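So that you can tell them apart, the chains are marked A, B, C and D in the order they are listed, and the count of residues begins at 1 in each.
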């Protein structure tokens, strides 16, 4: 019933991430202990039922694709699809497994396409993705040449989704891409990553300053932060906090203007700060699918004025900002 | 070389604050251990040299006054003044000891006069002052009838100044007023205080939301928060963060509008939120004196336009907001 | 459902035991938290049902006696007896409450009579009894003049029995006698007690050396240890460890000769070491009663040769040794 | 200035020892932090100056030998000898490096020869040596086929001596033999080792029962304990504790008879207990050498009666006992 991270521990022992061994194995063991209730056991069982299939081809540069239809027996294909649907809702993707498409709520590939041109080369880099969900972007980072792409997200279901996809990656790649069941507060100050991504997390934090400091504390000097978060229009003085929900999301705190956010980054020890993308989320990019059947963005906007959320706030506007650690 | 808090521990054992005994004595002992270097030893020695004098009268209702000139021998008066000056700079006051006036940087009595009319009665209440400095307002709270007035502030010098004043309070009062060398992060969730004051702290916190939550966690249900902090003009979306210093102060983070601050309070579990005072700090209220000879407000304002700080921000505007815990 | 130790905390704040506040309230609170299951709730309820009675006389010098028969209404007397019987088995005593005798398994008063002549005067002393059971000897220590008599024993039932007796002590005495739900491993190195008793504990410890060191760490310089434990005949090289049970007791480890034990004490930092009593436990001193209806010593001895336990070991021989801390 | 254990961490991640990662890297990092004073820095520098030499042959089956004289340049040989002498005193050995013999105080090979016939086969086993000193026996365990031979000893100098020897082991072997700077109290209950050695430790422990329990807690079910310690003549009741020093050693506690020790082992959860060797230590086996110039056994015995120590106790008699975990 345990998820085995031994490969990852052995891998990092010889990497710049080695100091992580001082805290990580204990945290993961504690986490495993806490999962012994709830759906975890059933999900872990589902994981073990996944059919063994070898992908004849892999594409991580243009999409996340493992194998083609002819790699898999028809019976296994049906079984694979049935088992993966037990991990619904799938939010970040899409994934292409042996000809089957996991059509997720988000077109995370569109986001990647907007972000990718602004990245310092990921070739041979150690990359961290804070709040990576099911890990879609980890695979794209590996596709862009990263030596290691490590994500953290404390959600049980995300771990399961990631492990299901990881099962079909070739061994060489598997060892370089991992998702760990941690929150950002669990990270020691590693100060070794070349690039740190955090997309869609900042507005969920009660302390954005603390969060930006935590991101900085993972970066080596001159390492790059890639931050994506909800923003509003306005000047350096403009910050929105919703009274309660925002676009039906609970637990949303600070939505700054990009000017305010850039100022925060300066205060937190970043330089070379650039707003590289500003995008009003479209109902094509975030929507219900066969793999995520709940409500989605279209339901969270004011039906009479889609420039507003149903609570009356400005509709979701997402900025990508890059910066480097001083 | 130790400062003795035994009276306080015995006092709270029989009060609603009793659960504090689970953490407080250990924290104070650790703090004492850490003070064994620096000026602490010298200051503690100065404390012990203070002359023994009994005050023939006390006034905590209109000022903080212990004794009159005729209570003290002239030689002792000179000695007292000389010793107390070793604890300069004195920031919060003024104090009136045996006819001698400790003329502090701040006219904290003016602030008290603005705040007092808006307080729920302090009669027989347990009151906490977070970031109380040398404890001027603790005495005024006692003067307003509080059963216990407890302050926290981690600054060594504040402890010394408080202990020097406390030495001249009658025993009955001494046991009811205490300053503990703690920061707000050191507090357990006591949820027992009737009133919590925090004046001049919020803008120094990297996470104002966390801070407001910590204030709430000290209050009993319906207990009153009295919050004083720097604010700016503006609507619910308006928040200033300085690039670096603000009025020459380091470590200043969020200066919200009162509208934004009220919203934050709602999100943190407060009700009955009212802005009861809004005051542009005058150079009469905060200024250099014989007991605080460093620069003061007048030096921190733009000499050509005193509506601005020398960094070009709006000059200090302080709001007092009251609220009650839901 | 909580047992309140506030009086004790207030009491020690002004005593040499004050440093105990750094650990004790937290340990007691944790202990209370852990008791929320099992019989504790029912027992605590029983405690609260005990009738209110004032003792007209008290004798702690010749026995543990609170009140006489005429102090209590006949109905209350019956109620008191019925409730106290819910705390069976009563092992250490006897207690005399309002004319009712709690006839315990042990005649602990006989043991006291053997020990008392060898004690440094307890007048105004702070005394600790490690493993005090229901606390019989604590009362006798108070009767011998101790300023405070504090016992520790982690057993739930002992706490209840003690609290039941304590309820009938006059207030002045109550504040000076307390039983805390701690094991010896929970004690910080207080080094303040004038006298430390430990009777019937050493042979239950896997590490007698560690235990003697812990006893020493509670004593002030020149403070007296009063140690009672099972011993065997023999020289400095003689130590018995039973294969399994000893006199039907589980968890018995080292039974040294008195010569070996004196050597251990020397190694652990004691001086003035004297064997003051050596007593083969009689079936009159330890036996089943109406208040302890289980098997007792007579059942644990070889019926054909009472000089041996039923396991074939030498029958219980108990030594009292006194020593002082270097 | 740090000693790198990354290889070991990577090695155990894929071994039955993997749970050790939950505590070990943090403990080692803390230890390194604490070594930053004293001789450690100088010694670490010495380690780095050791010449690079490849051994053309290795013998761990009959001795600990790395390389022959012709493998090394004469200048390097002199340098090697000079540097290794900085790690004096060398106690456990001997080591044979490129034709140079490190003639240690102890002929640990003689001890090995007495122990080896009684071992369960070490072939492919995971072996732990508690208190292994400079690690001589670790190499012999590897020579006997062990998959991994891990020692623990908190002494700085032992670590240096081990690392100096390890430098000349072929890579394949290096990864299988490690000495960790831990005491037995630092070990979690791993319960995975096939064989646990502890030679020359038990008599230094204040709690032999605790120590035997800790040894058991490292063994898998049916795993073998190999215990060597000082004993005395006598029956199950015989245990010697010296008043102060024993053969000039400080910190010596319990010296049981073999009968008493076997009983202790039974109480601690062992079976198949056998005394496989009993040996009065000779002045040929333990003596001063050019690599250990201090006093040695001959100086610790009574010159008039070498059957006694100079303190008058029986001269050192060492037993080897084997047992298996229940």
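In this text, a residue touches a chain if its C-beta (ideal position, glycine included) is under 8 Å from a C-beta of that chain, and two chains touch if they have at least 3 such contacts.
Fair warning: this is a prediction, and the values are worked out from it, not measured in the lab.
Asker: Quick one: which chains contact chain C and chain D both?
Answerer: none
Asker: Moving only to chains each one touches, count the minimum steps from chain A until you reach chain C.
Answerer: The distance in steps between these two chains is 2.
Asker: As a test of understanding: of all chains, whose mean C-alpha position lies farthest from that of chain A?
Answerer: Of all the other chains, the one whose centre lies farthest from chain A is C.
Asker: Report, in whole Å, the distance between the mean C-alpha point of chain B and the mean C-alpha point of chain D.
Answerer: 61
Asker: Need the CA-centroid distance for the pair chain B / chain C, whole Å please.
Answerer: Their C-alpha centroids are separated by 49 Å.
Asker: If you average the CA atoms of chain A and of chain B, how many Å lie between those two points?
Answerer: Between these chains, centre-to-centre, one finds 44 Å.
Asker: Got the chain B residues that touch at least 2 other chains?
Answerer: Expected reply: no residues.
Asker: Show which residues of chain A lie in contact with chain D when the two form their complex.
Answerer: Against chain D, chain A makes touches at 6-7, 9-11, 13-14, 18-19, 21-23, 25-26, 29.
Asker: Okay, in this complex, where on chain B does chain A touch?
Answerer: So the residues of chain B in touch with chain A come to 206-207, 209-210, 213, 232, 234, 236-241, 243, 253, 260, 263-264, 266-267.
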